[in-house]
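In structure tokens below, several structures.
Both of the next two complexes hold chain A, though its partner changes from chain B to chain C.
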Partner chain A sequence: MKKYILRRVILMIPLVIGITTVTFALIHLIPGDPVELMMSNTRQMTQQEIDRIRDKLGLNDPLPVQYVRYVTNLLKGDMGISVRSRSAVSYEISQRMPDTIILTVTSIVLVLVFALPLGILSALKRGTWIDTAAMTFALFGVSIPAFWFGIMLMLIFGLHLDWLPTVGQGKTPIEFARSLVLPSVTLSLILLGLVTRMARSSMLEVLSLDYVRTAHAKGMGARRVNFRHALPNALIPVLTVISGQFASLLGGAVVIEKIFGWPGIGRLAVDAIFARDYLVVTNTVLVFSIMVILVNLANDILYSYIDPRIRLQ
Partner chain B sequence: MKFKTAMTLFALLFVMALSLAPAAADGHCPQEGGTFTIGVDTFLPMDPNTAAHDWTFYAITNINSMLFRIESGQPVGDLAESWDISEDGTVYTWHIRPGMMWHDGNEIFPEGESREVTAHDVVYSIYRQYDDESSIMAADLRNLFVSAEATDDYTVVLTLSGPDAIMYDKARGLTFTAIVAKEAIEHYGDDYGLNPLGSGPFEFVSYSPDEEVVLRANEDYYIDPCLDEVIFRVMPDVPAAMIALEAGDIDWWGAVTPGDDVGRFLDNEDMTVINFGCPVATRLYMSVDKAPFDDVRFRKALSHMKDGNAINAALRGPTHVKGAGTAGPGVAGYVEGLYDEYHSYDPELAMSLLDELGIVDSDGDGWREMDGELLEIPMFAWNSDPAPDYVAAIVDAGAQVGLKIRSEIADPGTNNARRIDGEWGIYLGQGWCGEGGTNALWGRNGWISTLGYEDEEIFNLLDMSAQNLDEESREAQLQAATTRVAALYFEPAFGFFNIFTVKNNYVKDFFGGEWTLNLVTDDHNVWINEDER
Partner chain C sequence: MAEQVVELRADAAYENVTRPKSFWNSALRQLIRNNRAILGFAVLLVLVLAAVFAEQIAPYDPIKTNYSNVKQPPSAEHFIGTDELGRDGFSRLIYGARISLAVGFIVSSISVTIGVALGAIAGYFGGIADMAIMRVVDLMMAFPFLVLAIALVAVFGPSLFNMMVALIVLYWIWFARVVRGMVLTLRETEFIVGAKAAGASDIAIIFRHILPNVFPVVVVQGSFSVAEAILIAATLSYLGLGAQPPTPEWGSMLSNAKELMRILPVMSIAPGVAIMITVLAINFIGDALRDALDPTLRQ
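After this line comes the complex of A and B, so read on.
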């Protein structure tokens, strides 16, 4: 197991180098100038002023020179300076990373708590009103755009009922938890429908297998058959979906972060792309990639615990 | 007895009336304490050298003192109690207010160990902007700057090589030169913007990027702020921000309010809509150095083929202002009647001008050709509302006169890159507020110079007006420049839109109609009526 993990970690290095190189090149290929964008909508600067600032920030250097400077600094632990905010990129990312992780993990927990049992229950009660209700709910989750759902939640629970804050993060733990409700529920909607349907179909498939029938034939109790024998096998595809959707959740968080004024790395990345803040884009993609790779690794490890037949080599 | 009762009642009524009156200049607050939460769409670190962002300056102008602030479009004393200007307009002598202290209780000045803000700090702050080539100091001020000198602890002499008429402009000159403490700059270096320190009415408490900035009242300020705390909350999604405003989660939306929402809030008795008083133009730019745009008749045809006023009214709602020119109503250089003279809707005239140019539909397919080939013109715009709708309206107006216009919507970066490269086509554009904006746009090396907008007479008029301190002749020069822009370029205008912000009515004595945010001044001291919240 240790060897496997070590090998995966070592394999990350060329992958990460490749990702940063491609991202760095691609973001520079997109037309647009960060200084121009920084100035155009706010303070009024002439082309002469913009050129002077570009020169000062090293943006007039040839691309290979800028790339070598970026990699050299990165190896020294310096991610560079954001053109837009003129702050260290590492500061920008570190300030937002915990918020994105809290939001994403809370949403996944909501999915595990609600969607998983619902899907399983739906499979166990196939053809009943419970199954129909669960699948209707799943269809709702899959079909409703998150940005619309978020605004509706704000209108209902923030404006009309005044139960929850519409924006921002509370300072005390209770206030923080209250401010987390609407964004995390909205974000989890992306996965709720999908996981409910996945859990149901996966459970149904396992329940129809011979070994489950055999267990029933042997006189084993329904609860033991369903939860001890069927469920672990049904969970593997569900876990694959959840881990596979982790990156989507990070991406989906951008919209949610924007609506609820939640500071997150997704929003930082999107703002940086629009502002052509090259180093922020390259480094957030780098951090995203590492996160996705690590989640996939954790997922592989988890497989081997859920299903001992799977051996990591 | 009756007399006593009447007197008692009178006294009571008098006290009640006092408590309902707005905050007095001596710092009296009808209701002390409370948090004022301001919603803004984005926020950057608060270094005045680099914060190229108006809403960020809302915080800076409350943390740091400026030499002056702008109220009702006029400069009023802030750190400088008063100032004198030499007859030729080249020497400014600023008299610094004594007793202004740097905020204390922080890493730089521990509690009770602050020092007075002096003329030397002002000189340091000006040179810090001037010496840093990547600072946002305006080019015209930089070009005129000769020296800044502290002749004593309370006097700063600023010498220019020529008079600067836009010294107090909304977005140019010294308006955004915040006075910083050398100790803080040396201690924090590039991170100063994350830990700003000033001498203004509010002290910096915390900054969470993309989330909020928290300030608390500076009790040592020469006026005691009524508020305890000010929070700038970043809300990038405008519809969500409007809900938050109505829910009272923010008290003032400090960024531009969309036209539809302005209409809604105007009917809401719990809200007040505030006009910034600096209308912004929406117009078209073209590649005027390339055919067929290089012929004034073609530009004229583009101008007359569309009903710009109707389009603007439909897209801007109640924020729409009819007019045209480089500056809007209320701004120096505005010329009334310019729209009707140059941009009126006359598709017949547009068609005859195109015919005259030989741009005709010779193959009968409904589209006009130039030199035997279909004339298909790209129209570039950015991808946020309402820009794509303006493009759709122009594409439609073009079709009405047989001119094929192709929509090219892209993100602002791509759109800007096209303009810088001088790509052939029509560009949707917005003007900038104030005279500084007029100069930056139409002046020498201006923002649209890459499209071929180069006219020595306009440059000279703007250069002269920027250094002309005589208000009357300066206005005439600016109006002449505006009129020449209209006549020479036939810059197809749609009209202006007013910049509105919206506040909840429980926010009292609020003066929010300026780019610099003045929460505590000699005349205003914002407070929150918690009973009405």
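After this line comes the complex of A and C, so read on.
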């Protein structure tokens, strides 16, 4: 087991090198002089001053040297300075991290609570109106733009019915929970349709296996067969799909945080684009990618606990 | 003589009884029998017609402002009212079909072309080409798609064109992966080995034997990717990273409408419904194509 985890961690290294190369390239693709961008809010500088700063920041060094310095700085937790807030980018991101995590985790819980039972029910009632209704619902789930769904929720539950706050984050625990409802429901839509479909097809597949038929044949009750024998095996691929879709969940969070004024990393990044605060944008990409890799790693390790066959491969 | 007659009869019998329906023929037959597919095609046709004949259909100029007529509620003159600059919402909606459909189809078709070409090269030739292409693919897969798209647009500057480029840069990967996997298995099949032994060139094998076999899967994936590209393009435009004002685009219309949500909710509803209908229609077609083209799903 330890060996398996170690191997998976080592396999991550080239990926992390690749990701930092891309974010490094993004920074260098930004049109315009980096020094001017960094100092954009201050007075006009002379060429001499710019040259001195360039030299000091090492922008005249060859690219490989700059890349190594970039990675070393990252390892030290130094992501540079945000031109907008004048504070460290790593500080800005770490401040906003909990809000993004709360939002995404809440949506995953919502997906588990709604999509899983719906998909399983539709597999058990295959061909009935319940199945048709659930699959139609799933089709709408993948066809509705999530951000527009958010606007509609805002319109109905915020403005029309006035049940829930539409923008911002509440301070007290109750207010906080209330302000979390609309963004997290909106974000869950991104996975709702997909996971419902996945749960259905996975359950159908397991139900057609020999051991399930055997269980039926030896006279076991349908409920026991379905929920004790079939369900656990059907759930494994569904959980893998959810962790595999973590990246699209983070992508959705960027947009949804912006719509609902939720103070997470996503909104930070979108606001940074228009302030030309590029280091915040590229580091958001970096942080999100690392999060995706870590979630997939956690999933693989968990998977190998549940299903020992994986470890032997 | 007698022998010949028998042979001819056998031929005739073969013609009548077991004449194989061509793959595409039976796929088309199944497509026509699928109600959802017909609905999808009909809706898509209406949308395409609206996009092509926007000038003739739209009652007003979509970008002409009229400050004496702003924020009007829906009426017989303005079906969904006018926006904060007095532009007719309905006319903008019709012109919006043009942008969304164009973005969806252009992004998908270019990505499909690049992805199929690189996937076929990687799968067929292997070696360094495969290594290089697949490392890029693996790497891109590690990024959250939308976040990297946003970063690319941010770096190159928000515009409709840059957004499309960013989407293509990220989209071809899906096709390259799928096609490479298929080509890897195809390469080992007997008919390809046979063609090679008969002296067919690599180019001939790829174009005559491999691509036709990959085509059905690419068509299905491609149709779903049109729907997805439309969704993502609308999302990026909503954030101000795609179509720029005053271009009538559904995503940016929704972003404008946010200010008017209290007094003119219909402005927030209509463009979203338009996106949903378009995406649903294309997904219907995609589902039907999958059912019709995937031999394992056929009855």
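Convention: the second predicted complex is superposed on the first by the 245 of 313 C-alpha atoms of A that agree within 3 Å, B and C clash if a C-alpha of one lies under 4 Å from a C-alpha of the other, contacts with A are read in each partner's own complex, and residues count from 1 in each chain.
The rule is simple: contacts are C-beta pairs under 8 Å (C-beta built on N, C-alpha and C of every residue); 3 or more make two chains touch, one makes a residue touch a chain.
Predicted model, so just to flag it, every value in this text is computed and none were measured.
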Task = Mind working out whether A:230 is in touch with chain B, chain C, both or neither, as first, second, both or neither?
result = neither
Message = Let me test your reading of the model: by the given contact rule, A:180 touches which partner, first (chain B), second (chain C), both or neither?
response = neither
Ask   = Just chain B (first), just chain C (second), both, or neither: which does A:74 touch?
value = neither
Task = With the two complexes superposed on chain A, say which partner A:297 touches: chain B (first), chain C (second), both, or neither.
result = neither
Message = Which partner chains sit in contact with A:110 here, chain B, chain C, both or neither? Use first/second/both/neither.
response = neither
Ask   = Is A:85 touching the first partner chain B, the second partner chain C, both, or neither of them?
value = first
Request  = Go through the superposed model and pick first if A:189 touches only chain B, second if only chain C, both, or neither.
outcome  = neither
Request  = Using the superposition on chain A described above, determine whether A:267 touches chain B (first), chain C (second), both, or neither.
outcome  = first
Inquiry  = Looking at A:159 after the superposition, I want to know if it touches chain B, chain C, both of them or none. Which is it: first, second, both, neither?
reply    = both
Task = Once the two structures are superposed, pull the chain A residues common to the chain B and chain C interfaces.
result = 30-31, 151, 154-155, 159, 258, 274
Remark   = Given the complex, residues on chain A that touch chain C span 15, 18-19, 22, 26, 29-31, 139-140, 142-149, 151-152, 154-155, 159-160, 247-248, 250-252, 254-255, 258, 269-270, 272-274, 278, 281-282, 284-285, 288-289, 292-293
Request  = Would you pull the chain C residues touching chain A in the complex into a rising list?
outcome  = 135, 138-139, 142-148, 150-158, 227, 231, 234-235, 238-241, 251, 254, 258, 261-262, 265, 268-269, 271-272, 275-276, 279-280, 283, 287
Query = Once bound in the complex, which stretches of chain B touch chain A?
reply = 39, 42, 44-45, 47, 50, 52-54, 133-134, 136, 138-139, 171-172, 176, 190-191, 193-194, 208-212, 233-237, 239-241, 243-244, 246-247, 249-250, 411-414, 416-418, 420-421, 432, 434, 436-437, 439-441, 443-447, 449-450
Note = Touching chain B in the complex, chain A uses residues 30-33, 36-49, 52-53, 55-57, 81, 84-88, 91-92, 95-96, 99, 150-151, 154-155, 158-159, 162, 165-169, 257-264, 267-268, 271, 274-276
